[in-house]
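Each of the next two complexes has chain A plus one other chain: chain B in the first, chain C in the second.
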Partner chain A sequence: MDAIYALIDTLLPFEWTEFDFMKNALLAVLLISPLFGLVGTAVVSNRMSFFSDALGHSALTGIAIGVLMGVDNYLLSMLGFALLFALGISAVLASGNSSADTIIGVFSATGLALGVVLLSASGGFAKYSSYLIGDILTVQPQELLLLLFILIAVVLVWVLGYNRLLLTGLNEDLAAGKNIRVGVVNRLFAVVLAVIVTISIKWVGILIINSLLVLPAAAARNLSRNSASYHGLSVVISLFSGVTGLILSYYWGIATGGTIVLTAAVVFFLTFLLSRLRRR
Partner chain B sequence: MENTAAPHTCQCSVTIRGLTVKKHDGLILDHIDLEVHHGEILALIGRNGAGKTTLLKALLGRCAYTGEIIYHNAKGETIKKPHIGYVPQRLDFDRSAPVTAADLLSVSYSRRPVWLGTSRSARSRAAAMLQKVGGDPAILSKRLGSLSGGELQRVLLAFALEPMPDLLLLDEPVSAVDRKGIGLFYDLVTSLRSEYHMPIILVSHDLSHVRRYATSAAVLDKSILSRGTPDEVLASPDVQEIFGLGGA
Partner chain C sequence: MKIFRLKSSLLSRLLALCLLPGLLVGFAGCSPREEKESAFQIVTSFYPMYIITLNITQGMDDVSVSNMAGQQTGCLHDYQLQNKDMKNLETADAFVINGAGMESFLDKAMEQLPDLPVIDASEGISLLGAEEGHDHEGEGHEEEEVNAHVWVSISNCIQQVENVTSALEKLDPERAAQYRANGDAYKEKLSALRDEMHRELDDLPNRDIVTFHEAFPYFAEEFNLHIVAVVNREPDSQPSARELSDAIRLIQSTGVKAVFAEPQYSESAAQVISNESGATLYLLDPAVTGEDDPDAYLNAMRGNLEVLKQALA
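So, the complex of A and B:
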């Protein structure tokens, strides 16, 4: 870790990198933002943004379950509940009886309300309100290792399974003809989403995690024509917003997560205007 | 017009036995028995709601059914996981998706994930296949959503043909294409039939096309009402009734 800190000091000899918590936050941003940029492309393409939003909300119930069970680290209870939640939504969706919006909306509201009720019953909700907006400045070195591991795992999934995910998102009948097990692909993607949303919620926050997934990919979509540029731009925009947001929040003394999202939002509107101008 | 099936040197086929699909509002397909052989272009005709789309979904494994669908390869062996080349009448997809024709086609030619770019060899093979089905390789770099109906049809056909499908399903392929394109498309399908060893099922509304291009036909209305050569089937009372031909 010291070697990495020294490297940051050499490469970025600025005021904002002086403190260790800022170095950690920078490293966390460098790990989380490409992850979100990459996965966000499929969230947008496969119309899963409402789903990932609901997953974020479910984290509150996951925390509450952890509190009730008396554990210190809520990661496992959140992860367990998020996986159940994701597979539950997938199963109800696959039965195909109601519209996706409605089903996800019902799950999302339930996850949030259950969390609030359970937390208030076990000693007050206010203690956990930090999860709503998250704080990336609290990230610890050993957590960075976990993020690195997740990033590597997701890149691996993306290398091995992206083409199947692409076809499934494009048209499920077409994918089925190619022997792709559409249901399995959808469920696996839901699990990947559940894992990355849950792991990062502590630093990004329940309320804004979905913006980080959706905005960079949505902005990249404004400018890209093919899959490669879509992914490349999404990752670059995500990294840019993450680092810029972190630096601005330091100098202006404002919440980091919100600043990162606002930066991504500005990029989105710029790319939107650019795509409009191009079309003329 | 040649209306006889090709000689049976190749034994590939698809056999549907007792295929039944129930949905909550009742029986959609009732004990369908159908066999389509190598070199056969079977035209499936029927009124709207007769279950044609459901039959296609069942063949694609996209809806629950009872009964059997068995695929045989050229040697007559059963294929467990058949490839099905599917060309839908109108591809239902997000037209703003940043996916080019090359992205779609190279999935079939390379294991490389398309987000890392398409390989040169995959692109050139995709271009060759596209050319074969009468598409302009220049459209490879276009987004799928920006293609014309005819161009998209060629791309989907090229996509359907690699890897070589065990069954080619063409769902009302004419609806999106102009009239001149229709003739070209059917000529193409006819030539594919002799070059590739696969059964073809074609869903069609246009009886004149059925007569000209299909080698056999079946009328579907929950179950198979009649089956035979296009001329036999088109002359059957069921078709006369469904299409209101009144003895034409």
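So, the complex of A and C:
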């Protein structure tokens, strides 16, 4: 870790990197934002943004369950509940009884309400309110290692399974015709999303985690001409918003997560205008 | 005619459906009101008031004390009034509040209960401003111009005990002597503890501390501690990067040895500050949550004494 800190000190000898917590936050941004940029592309093109939003909300329920069971680290209870939640939604979705947004809305509302009820019953909501907006400034070195592993794992999944995921998102019947097991692909993607959202929620925050998934990919979509540039642009925009937001939030003394999202939103509207101009 | 009949049957079915939950609940809901179990019922707004009142009414079987916000709620920053609270207040003979703006969310509810005698425990205590001696960038509690954490100073707590005792004497003259005896006994214990803490703390060399949230100004005033910085004034959010680094620089430049977090809130930000600045992290308890035990306040303060002895030596 000291070597990395020293490297940051030489490369970025600025005021905002003076303290270790900002170095940690920078590293966390450098790990989380490409992850979100990458996964976000599939969220946007498979029309899953509402689904990932619901997953974020379910984290609150996971925390509440963790509190009730008296575990110190809420990661396990959150992860367990998010997986159950994600698989529950995909199972109900697969039965095809109602439209996707309705089903997800039902699950999201139920999960959030359950979380609020459980947390308020055990008293003291204040202790967990940091999960709502996240605190990327308190990320610890060992947690950075965890993020690095997740990033590597997700890149691997992407390299191996992206074509199948893309085709499933485009047209399920076509995908099934090409011997792709649509159910398995959908469920695997739901699990990947659940893991990513749950692990990063502590630093990004329940309220804004979905914006980080959707905005960079949506902005990239405005500009990209093919799948490769779509992914590349999404990761670049995500990284840019993350680092810019972190620096701006330091100098302006404002909440980091919100600033990152606002930066990404500005990029989105710029690319939107750009694509309109180009089309003329 | 037939249409009408169809309509009416549909209507009656709908009506029946609407009434069904009422009926189901009715078995529980229509049971006769519970008789008052005790002759005099006192409701307290939150934990510190509960502990004070518990001490004043100790050993009095016909007086009941119930705490509105529950033992683990802490400060009422984000408390929402629940149905059972209003029910509790309606049958209460006295309502003990901290005052000084802590229960400001209750103003609306209190308008509906004009006959309920409210005991404001902070009456006559000189209050500190919410931002005493600190620079503050605008985003304050608008409703809270004064600092409400009055009870954290033992002297103020003694004054609160006195306020509650004399108010109860007036409201319930039959048992006045008992309230007085209990109240005086508790005040005795508190002032003994205060003297002990002064003996132990007054000679310690370091007086500069950094705290989180606004709970300790009264305590610091009492024991002549100097709060160099309050890092996170808003209990519901995390400090920004700017606030964190300003606090770290301040600690490094002033040589503060101790950072105090509170057990009621997440301590991750305090941990960061302590790691970066080299100041040690301690937990200081403002006695705002705890066990259902009359001695809880005394025990919390004794714990604080031990922590401070270690931190300021």
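Rule of thumb we're sticking to: the second predicted complex is superposed on the first by the 280 of 280 C-alpha atoms of A that agree within 3 Å, B and C clash if a C-alpha of one lies under 4 Å from a C-alpha of the other, contacts with A are read in each partner's own complex, and residues count from 1 in each chain.
The working rule: a residue touches a chain if its C-beta (ideal position, glycine included) is under 8 Å from a C-beta of that chain, and two chains touch if they have at least 3 such contacts.
This structure is a prediction, so every number in the text was calculated from the model and none was measured.
Asks: With both complexes superposed on chain A, which partner does A:Asn186 reach: first (chain B), second (chain C), both or neither?
Replies: After superposing on A, A:Asn186 lies clear of both chain B and chain C.
Asks: Applying the document's definition of touch, where does A:Ser33 land relative to chain B and chain C: first, second, both, or neither?
Replies: A:Ser33: touches no partner chain.
Asks: May I ask you to decide whether A:Tyr251 touches chain B, chain C, both, or neither, giving the answer as first, second, both or neither?
Replies: Only chain C; A:Tyr251 stays clear of chain B.
Asks: Quick check for you: in the superposed arrangement, does A:Ser49 touch first (chain B), second (chain C), both or neither?
Replies: neither
Asks: Taking the superposition as given, does A:Asn210 touch the first partner, chain B, the second, chain C, both, or neither?
Replies: A:Asn210: touches no partner chain.
Asks: Shared contact residues on chain A, chain B side and chain C side combined as an intersection?
Replies: After superposing on chain A, no chain A residue contacts both chain B and chain C.
Asks: In the complex of these two chains, what residues of chain A are touching chain B?
Replies: For this pair, the touching residues of chain A are 38, 41, 45, 47, 158-160, 162-163, 166-167, 169-174, 176-179, 182, 220-221, 224-231.
Asks: Can you name the residues of chain A that touch chain C in the complex?
Replies: Against chain C, chain A makes touches at 16, 18-22, 25, 120, 122-130, 133-135, 137-138, 246, 249-256.
Asks: In the complex of these two chains, what residues of chain B are touching chain A?
Replies: Within the complex, chain B touches chain A at residues 57, 60-62, 81-86, 88, 91-94, 96-100, 102-104, 107-108, 111, 113-118, 141-144, 156, 159-160, 165, 169.
Asks: So in the complex, which bits of chain C are touching chain A?
Replies: 70-75, 77-78, 80, 137, 235-245, 248, 264-266, 268-269, 271-272, 275-276, 289
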